[in-house]
Amino acid sequence: MAATRAMSAASVHASATHGPDAAGDDLDGDTLREECGVFGIFGHPDASAVVALGLHALQHRGQEAAGIVSFDGEVFHSERRPGLVGDSFSDRGTIERLKGQAAIGHVRYSTTGGTILRNVQPLFAELAGGGLAVAHNGNLTNALSIRRELVRDGAITQSTSDTEVILHLAARSRKPRIIERFIDALQRIEGAYALVALTNKKLIGARDPQGIRPLVLGELDGRYILASETCALDIIGARFVRDIENGEIVVISDEGIESIRFAEKRPLRPCIFEYIYFARPDSVVNGKSVYAVRKNIGVELAREAGVDADIVVPVPDSGVPAALGFAQETGVPFEMGIIRNHYVGRTFIQPTQSVRELGVRMKHSANRAAVEGKRIVLVDDSLVRGTTSVKIVRMMREAGAREVHFRIASPPITYPDFYGIDTPEREKLLAATHSLEGMREYIGADSLAFLSIPGLYRAMGEERRDDACPQYTDHCFTGDYPTGLTDLAIAGPRRLALLAEAD
Amino acid sequence: MAATRAMSAASVHASATHGPDAAGDDLDGDTLREECGVFGIFGHPDASAVVALGLHALQHRGQEAAGIVSFDGEVFHSERRPGLVGDSFSDRGTIERLKGQAAIGHVRYSTTGGTILRNVQPLFAELAGGGLAVAHNGNLTNALSIRRELVRDGAITQSTSDTEVILHLAARSRKPRIIERFIDALQRIEGAYALVALTNKKLIGARDPQGIRPLVLGELDGRYILASETCALDIIGARFVRDIENGEIVVISDEGIESIRFAEKRPLRPCIFEYIYFARPDSVVNGKSVYAVRKNIGVELAREAGVDADIVVPVPDSGVPAALGFAQETGVPFEMGIIRNHYVGRTFIQPTQSVRELGVRMKHSANRAAVEGKRIVLVDDSLVRGTTSVKIVRMMREAGAREVHFRIASPPITYPDFYGIDTPEREKLLAATHSLEGMREYIGADSLAFLSIPGLYRAMGEERRDDACPQYTDHCFTGDYPTGLTDLAIAGPRRLALLAEAD
Amino acid sequence: MAATRAMSAASVHASATHGPDAAGDDLDGDTLREECGVFGIFGHPDASAVVALGLHALQHRGQEAAGIVSFDGEVFHSERRPGLVGDSFSDRGTIERLKGQAAIGHVRYSTTGGTILRNVQPLFAELAGGGLAVAHNGNLTNALSIRRELVRDGAITQSTSDTEVILHLAARSRKPRIIERFIDALQRIEGAYALVALTNKKLIGARDPQGIRPLVLGELDGRYILASETCALDIIGARFVRDIENGEIVVISDEGIESIRFAEKRPLRPCIFEYIYFARPDSVVNGKSVYAVRKNIGVELAREAGVDADIVVPVPDSGVPAALGFAQETGVPFEMGIIRNHYVGRTFIQPTQSVRELGVRMKHSANRAAVEGKRIVLVDDSLVRGTTSVKIVRMMREAGAREVHFRIASPPITYPDFYGIDTPEREKLLAATHSLEGMREYIGADSLAFLSIPGLYRAMGEERRDDACPQYTDHCFTGDYPTGLTDLAIAGPRRLALLAEAD
Amino acid sequence: MAATRAMSAASVHASATHGPDAAGDDLDGDTLREECGVFGIFGHPDASAVVALGLHALQHRGQEAAGIVSFDGEVFHSERRPGLVGDSFSDRGTIERLKGQAAIGHVRYSTTGGTILRNVQPLFAELAGGGLAVAHNGNLTNALSIRRELVRDGAITQSTSDTEVILHLAARSRKPRIIERFIDALQRIEGAYALVALTNKKLIGARDPQGIRPLVLGELDGRYILASETCALDIIGARFVRDIENGEIVVISDEGIESIRFAEKRPLRPCIFEYIYFARPDSVVNGKSVYAVRKNIGVELAREAGVDADIVVPVPDSGVPAALGFAQETGVPFEMGIIRNHYVGRTFIQPTQSVRELGVRMKHSANRAAVEGKRIVLVDDSLVRGTTSVKIVRMMREAGAREVHFRIASPPITYPDFYGIDTPEREKLLAATHSLEGMREYIGADSLAFLSIPGLYRAMGEERRDDACPQYTDHCFTGDYPTGLTDLAIAGPRRLALLAEAD
């Protein structure tokens, strides 16, 4: 997220990243990254174990670090670690230390604030009325402004993350009850957020006034669950109850569940990228199957930009459903012309020029048997910088493809995100700087087409985009941001975080 | 590999396994596992870095440990580590320690001998004429007999692996040159082997007299490469030259490449499981595209056991090509009705009964939107114990599938392997103990069908299996073992390895 | 520190302690422990390397954890780690990350707040005017009261240490300059403190109004140094300049050094335990050689409680100087009748009853050749719980000592400390619950004597203790506490820190 | 050990050393180092825990690595680790893995073969008749010759240590019983060795034909113990039974203890350096108290080289007993004029020239209060290269000493050792290249004197050295080596070990 990053870039030591997306062909950062997933459960005897499983199902939303906070009736317990959930939270000792019947957890890719352990969530603070732990998916667009005000007012910050301002705002609220303090805090912040929070009595879920980031309520044997996506309910056999509404707080306690509206009623406007790229295909987001939407996108794309070809090849894994939709609509056979290597750990260091020149294919490789001599339609979910696309087109040609027609299952990305998606700076977005023909030439395809905005809305089941009051947060394609961008005005070269700590 | 395991099971402490296959739904061991992949290069300035990349491409052949040995003109360097190649061999320091222009490497799942670092390959020995490092894919069927003889004769073993006997035999050979000693050793061993070896002058590749395990020769800018599969050539842009022949040794040195035949000429009889399950779909094994064979299998399966259904659903990832073939042959739409979670680290410990009862879906989850209300054909590569199939069928039904027809893209497995595939004991092979109807009932499907042996050979492009001289090693389906099984006769409860070391 | 521990005991997971004092015979906690050592340097090109060396020389003041914060002109860098300085801060990488020409460091045994990484010092905060890092030796006696007030006022705390309140008080001060804010903070706190602090312009040293804990100013090639003891100057060849005065702040910057008095002038009253036990014998504390004081103590002890004996045996290492004084005064030969094992890592877990019953001597062993058949005078620095003394007397008898006369080089400890020395609860102090004869009987000696209070003051070079205005902080012997004990009044069972985090 | 090191130096990566002796002032290697300590127990329910304690007491004999092998009636268990015993073998898990009632252990400084885990002892081999684990203190002087012969004969070596040849010789023996094979091996080797070995029935101890290295038999509640020194018996309260004789094997089993003589009877000739430096002062070696011998040495030194002075100052810790003897004989007061820092971890890296120039005193510091203005007699155990002495003399002068008289509690070292003491090459031994006056000038003392050979023998209780048949192994002072030095003849630049492995 270019602008925000520029605003609050902490001068931290970059620590080694790992997880699938950090590797290989992505060295150049040619992907979008979701920044977080959240999960919470209340009243379960193995709360932390269940949270660990839920986070595992949400791992696609963040592979860099994970954390769990539990409350055992007296004390909060916290474990926050770099790496995958399955590496950090699968041993008995860790789970047993996280005692208690209520717990929340978080996976993250990275946030504003850099990659240091202090920033790994859930964050915790001891308020006058008791403890408060918070896990956040999204990004605040006025965190820097608030933070400056807080520091001016004598606050000491423990992280460089935007989420911490929520804790400080709650701490400084003059309201007596923690839930009121929490609402006070929400009413000060601007941006996108799906939050799960834990107090010594309650599990809390909250979604920003437009519902940009997703949050669902589930239920398992009478205990309530909060999760970023339904796939985290499915892994443990929990039942989907409903989406948390935009501007709603749900408060789960021994007395049951209570719903509070902290922001005036307005239409839901969820982030359309959840459907295009982030959410897992088996999740149902805001009532719509992600898999079905993606297949619809493939169908619309085929209608808008069909082409005479021998096979349809997805860029795996994210391009698969749209490619299936394209293939089914056109009748052109679907083939796995690209194989993805899933065994990816840390990024390989390529020690010398001679190795770099090999043009190593860490993540994707061509399936020559499928593509040789064929006219192929390549389907990918989106086009960011284009550097991966260049490699893939070249790889297809080297494998003998006769023609390569590139089809993008989303409209051109021309604006950066500020709500929790890590987009490159605008000048690095290929579609922001090139014409369609320029892009085609850059990536070396025989033809190139994107899905149109109307096509995207049709795939979502809408007749058309309501430009006055858009049904989805789609600023990356339209520049139509759903909230104020306060921090953008005060951004500058000043370093906010003075401490560089290698945890 | 049941029988061999019984023969030489070392009394070692089981150390924690990791890597994708160790996790989640596989807790019950319901898969086949390839035991190794090998790679070597001669004359490259960054030999170790290239080997690391080659091993990364072969990671599907073994995720438990990896090792590289290089020779820098004076000294051999060795690094052997548990875990994935990308975690262990991607940092500059490690690669820089592995100096030299010639290097060989190995990935392994596990071998006879247990999971201890001493067993991680390549193994190294200092012979009278110089050093010898060996990496082995396969399994010897007379290793135990030879080992006993060696110990009786005063040899001290440094590992519990069958591969070490090759080093001892070479060490004890009275021939002057190391290559002659190596051939002496090969002429004593029985079983399956693709070997890469490194001396202080040469890179050596060897394939057993029937070519059970694969080994290919590649070339990159004039330097020769040996690898288990062509996908390891593709990752670095190397050119495929040819398969190493059965009974052939190739010796690569500064003088070029030399081919030596160490066993009499006989027909090639490669392991058919490479096509069914082990090799990567983009590899070409013995001249045949693995992807194409798998699609053919789907076609044959559809012809033999078609069924009236709404969608074809693969068990990902290995069932995808056969499912595509099945769908294309029948015209029934192909849908991703099961989603695989690729972020799998160590096995999750499920701490309490209450969590175990959740029936957690670590690796696979249902895509309800695709399967609800549908009659589905599930396509999986093979059926071993059946425990995973039970769960998957149940998961499909819980996601609303109206009918579940299970189709297996290989014949019933009724015999254990002794050549490097880790099969359970015979009494745990579902097909060895149940009738077809019994199996169907056990896994809970509406119908169940396997590919026939003739169908399998047709998919391979053969008219029929030549029972007198079978074209493939297919004993798991037929009981027709291609070599002697010397150790089987001396198997017993005696512990071969007396030392339990936790490295 | 019993009472304070009761007051603010954090419910943290005990993490494994290590370092020499944690081990062996000290399993029962029969020692006093100094809680910290501090060091800082300004204007040196290798500031962090120098701090690491200084901390190494202060290691006897705290073996549990160490930390360094440096400032490079733009950003503060921080590394805080469990274990010994020589293990954590001796590699090039760590020191190179701690860039800058000014740095401060800290070693600690443990503090109020438990053993978690968040509590390892120096602590850091970003204030409105810039960053502030603080390292503290001592303990505040109103930290809990202030902390409660801060939390009530919306502060979020990042550690459970008493030191953090200094940062919060400075953050909340309304003064414009950081040095003024820091003084504001000091004027609110009560207790014992030697502080070194670092801002983006200055190195600051401060000592509490009575100078309970030591702090010296040194100089190396024109650059100023602050350190807990002179031995930390000696290790790097720095020159001792003077002691920081009680109630004084020194501010070191590019402009030189400035002295500010933040508390009214009153007599110095340093902790007498620095001489008896804590400081290194080669240090000069408040102008007095620690070694010379300890020898004097031995001389006084010999005069007060001489005994007819064959040899004088120190309990090594702390009893050596007093035993030398005792031997020189009496003419009885000094012999190393007890050998200390210095190779002590983590505490050995004694796995079974049969091993526990061996009465293992991890740290001390008898030198039979020296003690057999002898009447011995054992000299130890102090008597806390007495459990170690019991073992040592028994060990001497088993080695053949004919008589064992125990002489303690300090008066009986009858009151707990609240200023940074970790004393057990009062009911566990042997001298608080037993008569002299009762103690003698308990430890099994033939005779037992302590140094008298007058004898102690004579050893310090004083004519007598000035009871109206004591020259030293000696409450452990007298109950005469030098400051208010605000927190003692509000102590209770309430848990202050709600978060248990295993870092 | 210069010559041997030249002979068989493995081309291994130097791994980081740690432990006290590796650090600080010893960067230049100005000490002698004992290479090992051994310990074994038979028939104890907590055998491994007892071995860990015994090794802890022997830690001064080797701080670099430690290992334990146990036998549980069926399987041998092994753990070998870098670092201190107290760090590696104090946790319950490790000890519990080392199951069984019989166990042996080893601590080592380093041996021929470099610092790699493969060389950490005990070594283990599976022989035809069962397992054999061996731990060795000492050094063989024909290991290289035997090793070459073994490799020529087809043996594969698993370490680069000289100890391994014992295993190979035993493995190749044609005798039926393991104990006979072990004797066969001993009869082939030449040099110094105290061995403890473990088979699946027996605990074995053996001492070389001249008893160069020490080995004692102890007893604890009827169970036999073998240990390098008596201090390892004392730590667990075991009783000293007797020394193992030179040329004797003791075999301990369920049937009790048996003594076998494997070499003809000849006079004992133990290494005199055990008394001067290596053994712990509380140990009794070959019937003589080490402490008493060292004090005697101080007495003899005072008689031979008394000097008019104010105080006697030991170089701690090893110089303390001789200094006490010197002080008692002369009546000059004994003072701790040098303080030793015992908190030493890894060697500090001194990152830049400016830090190096500080002349950092990591291990020793001057106690100015004791030495200022005094004429001092410095007593150190031995003089090797002299580099440390230079620093210490300078440090004493900088602390104000008026005169510095250096007295060395042993004769000049003029020849290297080949029996397990790590001496520098002869040209680096100060006494081998300088006259007495030259040495005095080099180290900067006002006077310098060594103990004479006759004085040393008097201190040992002998009337004089029997030159025809010396009572002690004293070649470092005399050049009179007690055994053949076969390998010395075949030494050369050839690299024996071709494999460089970083474990």
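The letters A, B, C and D name the chains in turn, as written, and every chain counts its residues from 1.
Note that contacts are C-beta pairs under 8 Å (C-beta built on N, C-alpha and C of every residue); 3 or more make two chains touch, one makes a residue touch a chain.
Please read these numbers as outputs of a predicted model, since none were measured by experiment.
For the pair subunit B and subunit D, there is no chain touching both partners.
Taking each chain's centre as the mean of its C-alpha atoms, the one that lies farthest from the centre of subunit B is C. Centre-to-centre spacing of subunit A and subunit C amounts to 49 Å, using the average Cα coordinate of each chain. Subunit A and subunit D have Cα centroids separated by 61 Å. With centres defined as mean CA coordinates, subunit D is found 36 Å away from subunit C. Listed for subunit B are no residues, as none touches two or more other chains. Listed by label, the pairs of touching chains are A-B, A-C, B-D, C-D.
Contacts from subunit A toward subunit B in the complex involve residues 18-20, 23, 44-46, 49-50, 52-53, 56-57, 59-60, 63, 83-92, 95-96, 220, 231, 234-237, 280-282, 284, 289-292, 317, 320-321, 324, 328, 333-336, 339, 341-352, 354-355, 358-362, 365-370.
On the subunit A side of its complex with subunit C, the touching residues are 11, 13, 69, 74-80, 97, 124-128, 130-131, 151-152, 154-158, 164, 167-168, 171-173, 200, 495, 497-502.
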